[in-house]
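Take a look at the structures listed below.
Two complexes follow with chain A in common, the first pairing it with chain B and the second with chain C.
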Partner chain A sequence: MAERVHLRRLAGTSWFPVAVGIATLVAVGALVEVLLLAGVMNRYMLPLPSDVLGAFRRVIMEENILSRTGDTAFEVLTAGFLVIVFGVPLGVLFHRFRILRMALEDWVAALAAAPIVLAFPLFLVLFGRGPKTVIIIAFVYGIPPILLKTLEGLSSTRGVLINVGRSLNMTPTQMFWKIMFPSAIPSIFTGIRLSWTFCLVTVVGVEFLVNLGGLGQLINDLAERYDLPGTYAGIAFVILLSVAFFIVLERIETWLQPER
Partner chain B sequence: MSTPVENAADPLLVIDNIYKRFGTDADATVAVDHMSFGVKPGEFVSVIGPSGCGKSTLFNIIGGLLGDYDGEVRVGKERIDGPHPAIGMVFQEESTFPWRNVIDNVAFPLELRGVPKSERQDRAHHFIDMVGLANFEKRFPSQLSGGMKQRVSIARTLVSEPRILLMDEPFAALDEQTRLLLGDKILQIQQQLNQTTLLITHNLTEAVQLSDRIVVMTYRPGRLKRIVNIDLPRPRTSEVVGSDAFGHYVAEIWNDLREEASRGMVDAEASISRRSAARG
Partner chain C sequence: MAATGAIAARPRKRTWLDLESGPAPSRSAVLGVRIVFAIVVIAIWEAISASGLFFGDVVPSLVKILASMWRLLIQDAFWTNLQVTALEILVALGIGAAAGIACGIILGANGFLRKAYEPFMYYFSPTPRIILFPIMIMWFGIGVESKVALGALSSFFPIALSTSAGMALIDKVLIRVGRSFRASAWQMATKIYLPAMRVPVLTGIRLGFGLAMITVLLAETKLSNKGLGYLVMQFYQRFDMPTLYALLIVLFLIAGAGNALIGRFERASR
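Moving on to the complex of A and B:
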């Protein structure tokens, strides 16, 4: 009983859940290492986790990873910025014009699930083999979540808040800027977080696919060299980067909305 | 059926022969059936009736949020047709803006009117003080209890200094003790400002605790059953709840309400049975 109370208290701290997460990763890594060494798993398909760890230093030092991260970050941030600039107003338009919503909402939702990345040759032809193509494909993937979450946020403004606005004789413009938009902001932030994550995944994916630019190309290069520990170290680096990216976005969200 | 406007000396708010129905001719439900009464300046009137009697419809009509009805709502001699600045509304549901702290919530109506920041902060501060939230001005609604949030809503309504305060069961979601204490606060404010107030409620003790007069409504269609004068001393506090006279009024009004509430309950049960039968 006392142990359970102690565990519950630990779970309430900020460091304990993080420590458990890291310990779990280490444990899984150790288990995979043992299984590979024992020959239960094939070492030609999966490198030893200790080799992957060892390859980190090499990948960072020898593969120009800072500059590649910069390339990827530039593409992600550009696509992310465009997604906000176009996605939020489009969500507002969808909310404002019911006909638009009825005609296109399902198509936008379908767009999120469509494997558009397979049409990358078309994008290459249209926009050339450069960052522009990567950014545009990431933009296409990033648009649906932010548009749909903006629409959802505006549509789910509580009726009583609208009634407060009506009782105060607010104009439609005041109603939008003073009540509906602030009320939708948490949902819009969720949309931004989802969209930017989609952008990151798409940018790295397209870089890998067309062997162009930043971290995706690095993973492709390492794979083509049959450098398995290096490939997995590159993948792990991207995962770590996305985790850091996600945490930063969450922190910004908390900072901008202290009341939540 | 038409009930004449009550003989109140120069009522500030006049509800005159209001009739409202919902639905089409074949399937129409009459929500409010020719209701008439007045509220004099400085008076506290409660409208009480069982759930589903049309109280909230009446609230929305008086507040100007619901149109397409017969009859008139007047403030003084002026017929109102939509939200009117003389009427400040407090809603049953929690209605603070979660993205604004207490002082910005309360100052909101002044911000809309373009009142300079320092002036609106001063006025907001005055009403926050009045509802007893002086130390919570920088807190956000998520950091407040249900009762505190409702006090913020009340302060936000009062800051506009409406001639009539219109409230729809503002304490419905609160526990009985908080409700009594907030009742005290409302009484104190109403007496301090001599605020004309119309409260819509289904809570009998709350109505008797606060009101000068109680308008009793019938269950569907909502008609005026009778008006009870509450002759309890003022200034009043929640201590009045323990008096014999209070118990007498509660019993008297419950006699009127019991029949209506029973009809409401039977109706609700029949409706559930019908729905179950329809589902097979």
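Moving on to the complex of A and C:
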């Protein structure tokens, strides 16, 4: 009885479920290792998890990973900042001119759902085979979320705040910069998070598909060499890096949310 | 009244940032803006096409693209490859949805399991899944199986996360009713959970469909000998740009139609 109460108390803590999740991951890795060593699973399909861990060091030391990460980061950040520079003003424009919003908002939403990245061969022909093309594809993919979220943020400014501004006889410019824009910042940042996530996924994806540039190309190279532990380690590295990127963006977003 | 008049705001010069944008525009005005926008885009496109700024057919005239679209649509090759891709996407979505719903119900029904495993799914979900394609090739070969596997994996995460979140929205009374009738786990899933959370499940399936489609098509562009993604690369390698544009437009339309169809189901189930 006491054990059950203790377990229930543990389950209620924030760290215990996380520890169980990580322990499960380690246990699955250990089980796969045993099954591979016992010959139950095929080592030509799945390398030993211990080999994959060992390959991390090799991939980091020998595959120029710092410079590759730099290439990918440059492309993601360039596309990301371009998306902010163009997406936020476009959102403001859509908010200001209601007719523009009514006429084109659905089209922008359709653009967000369209598989634009599939047009990468077109972009290659139009802009050449280089980082510029990767940045342009990521930019096109990243624009809709930030535009729509800016629009949403400005449209959902609380009426009471607008009334306060009016009662203070603010000019429209003051109203925008002192009331509407600050109130829309959390929503705009949600748009930035979504757009930057799209940018990262697109940049790594296109690099992989056309064998160009940073981390995506690394995975392609390793896979083509049939370096099994290296491929798994490379993929794990990119996934861990992406997760770290999402966590940072999410933290900033939470920090910007108004306290309720 | 007089006091109100006294404190009324002074009339001021309107700027483009002004809040009041007048009465809601009429439908015909909205349609007009759409038509003007479309005409401007087409005019810019045709001007670039005629300007010779780009080499050869890189930016072909829209007439040429439409003619290519017609030729593409009457080709057997298009329909055969469409069948392959459609089959891959549907099987991938079927597997992803079945696994995602099952996993979502298990996680959603147990708060501890949800806290332990959902963060992994949540953070893994938006990572670039196409990079897992080499692993899928190692496991399932270069045929349709590896594309199906990658599509299933991509659609699994949004469906599982959406189902799990949907479980939290189920009215507790419904769950208690099921338990008081001593419903089995299967009966609870099919008679209580799934009907009560059809909307989030359908939302997950809509997101999963988009991801399954894009990953299957991208995987086909990377390594395959059939499917619409393969056809995209064929036109690219032959430098048949008008047909490449035509095929991409058709693909965007198919994607939009698929999304709209699932969206309609989603709305109808509300």
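The working rule: the second predicted complex is superposed on the first by the 200 of 260 C-alpha atoms of A that agree within 3 Å, B and C clash if a C-alpha of one lies under 4 Å from a C-alpha of the other, contacts with A are read in each partner's own complex, and residues count from 1 in each chain.
Criterion: a residue touches a chain if its C-beta (ideal position, glycine included) is under 8 Å from a C-beta of that chain, and two chains touch if they have at least 3 such contacts.
Small disclaimer: the values here were computed from a predicted structure and weren't measured.
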item: Touching partner for A:239 - first (chain B), second (chain C), both, neither; value: second
item: Which superposed partner A:158 touches (first chain B, second chain C, both, neither); value: first
item: More chain A residues in contact [chain B versus chain C]; value: C
item: Chain B versus chain C as contact partner of A:257, first or second or both or neither; value: first
item: Which of chain B and chain C A:6 touches, first, second, both or neither; value: neither
item: Which superposed partner A:209 touches (first chain B, second chain C, both, neither); value: second
item: Chain B versus chain C as contact partner of A:18, first or second or both or neither; value: second
item: Partner chain(s) touched by A:182 [first = chain B, second = chain C, both, neither]; value: first
item: Which of chain B and chain C A:166 touches, first, second, both or neither; value: both
item: Chain A residues contacted in one complex by chain B, in the other by chain C; value: 166, 169
item: Complex interface listing, chain B residues touching chain A; value: 63-65, 82-83, 85, 87-89, 91, 93-95, 97-101, 108-109, 112, 140-142, 160
item: Contacting residues of chain A [partner chain B, same complex]; value: 158, 160-161, 163-164, 166-170, 174, 178-179, 182-183, 185, 257-260
item: Contact set on chain C toward chain A in their complex; value: 9-10, 12, 14-19, 21, 24-25, 29-31, 33-34, 37, 54, 58-59, 112, 115-117, 119-120, 123-124, 126-128, 130-135, 137-139, 210, 213-214, 217-218, 221-222, 229, 232-233, 235-236, 239, 241, 244-245, 248, 251-252, 255-256, 259
item: Chain C partner contacts - residues on chain A that touch it in the complex; value: 11, 17-18, 20-21, 24-25, 44-46, 96-100, 102-104, 107, 110, 113-115, 117-122, 124-126, 162, 166, 169, 171-173, 175-176, 180, 197, 200-201, 204-205, 208-209, 216, 219-220, 222-223, 228, 231-232, 235, 238-239, 242-243, 246-247
